[in-house]
Every structure is written in C-alpha cells, then in structure tokens.
Amino acid sequence: MTMATDNSITVKFFARLREELDTTTLTVEAQPGLTAGQLLRSLATKGGSWAQLDGEQPVMIAVNQVMTKPDRALQPGDEVAFFPPVTGG
Amino acid sequence: MTMATDNSITVKFFARLREELDTTTLTVEAQPGLTAGQLLRSLATKGGSWAQLDGEQPVMIAVNQVMTKPDRALQPGDEVAFFPPVTGG
Amino acid sequence: MIRVQQQDFDPAEEYRALRNSGSGTGAIATFTGLVRDSGDLSGVTGLFLEHYPGMTEQVIEGLVLEASRRWDVRDARIIHRVGSLALADQIVFVGVCSAHRGDAFAACEFIMDALKTSAPFWKKEITGDTEHWVEQKAADLDRTQSWD
Amino acid sequence: MIRVQQQDFDPAEEYRALRNSGSGTGAIATFTGLVRDSGDLSGVTGLFLEHYPGMTEQVIEGLVLEASRRWDVRDARIIHRVGSLALADQIVFVGVCSAHRGDAFAACEFIMDALKTSAPFWKKEITGDTEHWVEQKAADLDRTQSWD
C-alpha cells in the first residue's frame, strides 16, 4: 500500500473522459511550477485514449473544485479535475 | 319599463370611475357619426364627478370588449366601456 | 386554460396539467403573484379586485395566442382571482410549458407583463379602514412595450 | 436551499416553502426541466446524469449569491437530480421568490441559464441500447453570456 504523501496531487476525471480513460482518480507527484495545463499535456503523452487530452477536444479544468484556466500552478495537496464542457440543467 | 331599442348603446363603468360616478351601466341613444370620445365628453357635461371624464384623468375605452381609440364611431347595439388604466396581475 | 374566479387555486394542480402535456415538453415556467404588505401604500391588509367579465377572458386568450405565435408554447394555464383577497393570498398564476426553457420563460413573462397592462382588472388596496385604487405604473407599461 | 439528489422532488413542496418566506413576497417564479424525447438524439428513452460532488453545490451557491447581488431575492430553492432518469422525469427545479415579478423572473432564469454552463453536471442520453454523452450547446453559452 502506497500512502499519499504531502507532495501528491489528486486528479479526477468525469463523464465522457472518465469513461474513455477508464479512470476516475489518479495521484501524481507535485512539481514546482507545474501548471494544470502542463499536467494535462503530460497525461496526453501516455498515448491511446489519453492522447485526446492534448487539445483534440475541449477539456475544462477545476482546481480544488473551482473552475480555472490551464496556467494555474498546482500546489501539493491540490485536487485537480478534468472534464468535458458541462451539460446539466 | 323602457325596452332598450335597436338604436341604443350600452355604456359601462368600472373601478374608480364606477364608484365616483355611482354608475355601473347606462343606456344612450346612438347618433350617426358619434364617436366614443364624443360620448365621453358629452357625459362630462353632466357636471359634478362626471366632469373628470373630460381629460382630467386618463380614461380607457373599450367597444364591444375590445380596447379602442376615442375616434371609434359607435353603432347601435354597441357596448362601450370607460375605465381607468388597468392594474391587475 | 384561462380562468377568472373568486376562489383560491392550487399551483400544484396546474403544474401537473402542464407536465402531462406530452413527451415533447422539456420546460415548465410558472409565475404566481401574491398580495404583499406594501404596494402603493404600506401596511396593506387586503385587496379588492374588480374585472370586466367577458372582456377579461378575451384579452387573455389573445395574449396566449400572441405568445404562441412568438414562442414554442405546448400549453398555457392562466388563473386570475377577483373579489376580496387577504395579505399573502394568491392573486394570479401563469404557467407555460414548452420544448425549450428559453421559450417557456419568455412566454410566461410576456403573458404576465401584458396581462398587467392590457387585461381589464383593477386593484383596490385596503389598509385597515382606508381604501385606495391602485394607479397604473409607468414601469409596467415600459415592461410591456419592451416586448414589442 | 440547494439539493443534488437521485430521488424525485415535488415542486409543490418547494413552492410552499417559497410562499412562506414572508409578507414582503409578491412574486414567485419557478422553472422545472423534464426529460424529453428529443435532445441531441431523437427517441430518447432516458438519461444518466453524472456530477462532481462538492463542487456542484459550491457552484450553485455562488450562482444564488450572484443572483441576490443583482436582484431582490427573498429565497431561492434549487434541486438537481443525478443518476438514471426516465422519459418525462423531472430533472431540475429552480424557484425564486421576490417582492417584485421582474426580479423573480430574472433571478430564476439567470440561475437556470448559468447552471447549464457552469455547474459540473453531465448528461448522457439513452436511446434503446445506445448511449451518447450530450454535447454542450453554443446557444447555452450565448444565453449565459447575455447576463454579463
């Protein structure tokens, strides 16, 4: 069992992305200066269905449950979420 | 008992006008070319509270239950109504 | 469905009827007006509502037709009370259902605005032992004209 | 009052709560969204609604605060369902009460419009044995931006 360290960032996916990536949550290490957009592009390099994260479709970003832009720098302990444009109501 | 003839026009009053004139309905004789506005001004010549019909306060006019302008000519059998601006809802 | 009546109404019944208007209905907008304590006067304890029987129903039917020409309206239900009303009583209900939410909101608000300036209802405010016929508001005329 | 829930709701209960918000309330506007048979696809038989627990409630609270800054809002009640819904099921309720009708309509429509473009809900349409994640509509974004 790996304990999440103080240095980890939780990443969540929702809706079509959650299904296509077959991933609800993953944990990454925080790195100084890493932005949400950079994290997204680094995940895209996993290839396969992950490649779509690199600009193919619009991806919305929330950090700590607040919508944000890709240039937002991530801190250890942050909760980052990536999801398609919302369609409720 | 006076029967309303084919030549009569029914005049109705509502709300503040009905109360101040102490009149719900009256009957007048139709006259060729008489307009709703002329009827209103002729009623104003009765004096007393009737004088207000001569432009003192806005009076709305309906003929046969459809809102109309003062230049509308009246026909025998018409139902004319005079009332203050409406305030429902 | 247009009703002018002395008795109270139940918005839940009207909502149920709107909801049952068919599988294409995706949006229901409703409005209810209540007697509140300050109108032209403050300390209002009740209202008396007069109307012009016959003409009222015709005018409201015309407003519903006009709304149906402008927007997708699957059904519209309008109730307006007359007679003596107490503080917090329901006065008026307008409910519209449509395929789309924008149409439901627009048609509901249009009917409500137009009803205030063109349907022959008159309100008298009662405050204790004084009575006062409510004056038409310029703002209400402006709201109605904004739909032209 | 903001609720995100799987179970159905009763608009009549919400209306009663809005009506009891005080003697200054003169206007109650409500909106209910229903599952209809044609969305992105035709022949829709049901929906699946996903959301982002925690964030959803925060976003909606923010919308109510923003509406209260812009208009007279005495009370607002918002319910959004998640999970599996069938044709004609109720999806969402927004109810607002105010002293004035213009404020009640505006705040209700603003919250509903903004909810569609900024609250983290996602709709999947089900038609028989196919599923389709609904795409965000440019028209919905336009409606929300029209409030800016």
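Order as written gives the chain letters A, B, C and D; numbering starts at 1 within each chain.
As a convention for this text, contacts are C-beta pairs under 8 Å (C-beta built on N, C-alpha and C of every residue); 3 or more make two chains touch, one makes a residue touch a chain.
Bear in mind that the values here come from a model prediction, so they are computed numbers and not experimental data.
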From chain A, count the fewest steps through touching chains until chain B is reached. 3
Taking each chain's centre as the mean of its CA atoms, which one is farthest from the centre of chain D? B
If you average the CA atoms of chain B and of chain C, how far apart do the two points sit, in angstrom? 27
Quick check: how many Å separate the C-alpha centres of chain C and chain D? 23
For the pair chain A and chain C, the C-alpha centroid-to-centroid distance in angstrom is 49
Return the residues of chain C touching two or more other chains; collapse runs of consecutive numbers into ranges. 33, 101, 112
Where in chain A do residues touch two or more other chains at once? 89
Chain-chain contacts as defined at top: A-D, B-C, C-D
Quick check: in the complex, which residue numbers of chain B touch chain C? 12, 14-16, 18, 62, 65-67, 81, 83-89
How about chain C: which of its residues touch chain D in the complex? 11-12, 15, 19, 23-38, 87-88, 99, 101-102, 104-105, 108-109, 112, 143
So in the complex, the part of chain C that touches chain B is made up of which residues? 33, 49-52, 54-55, 58-59, 80, 91-92, 112, 115-124, 133-136, 140
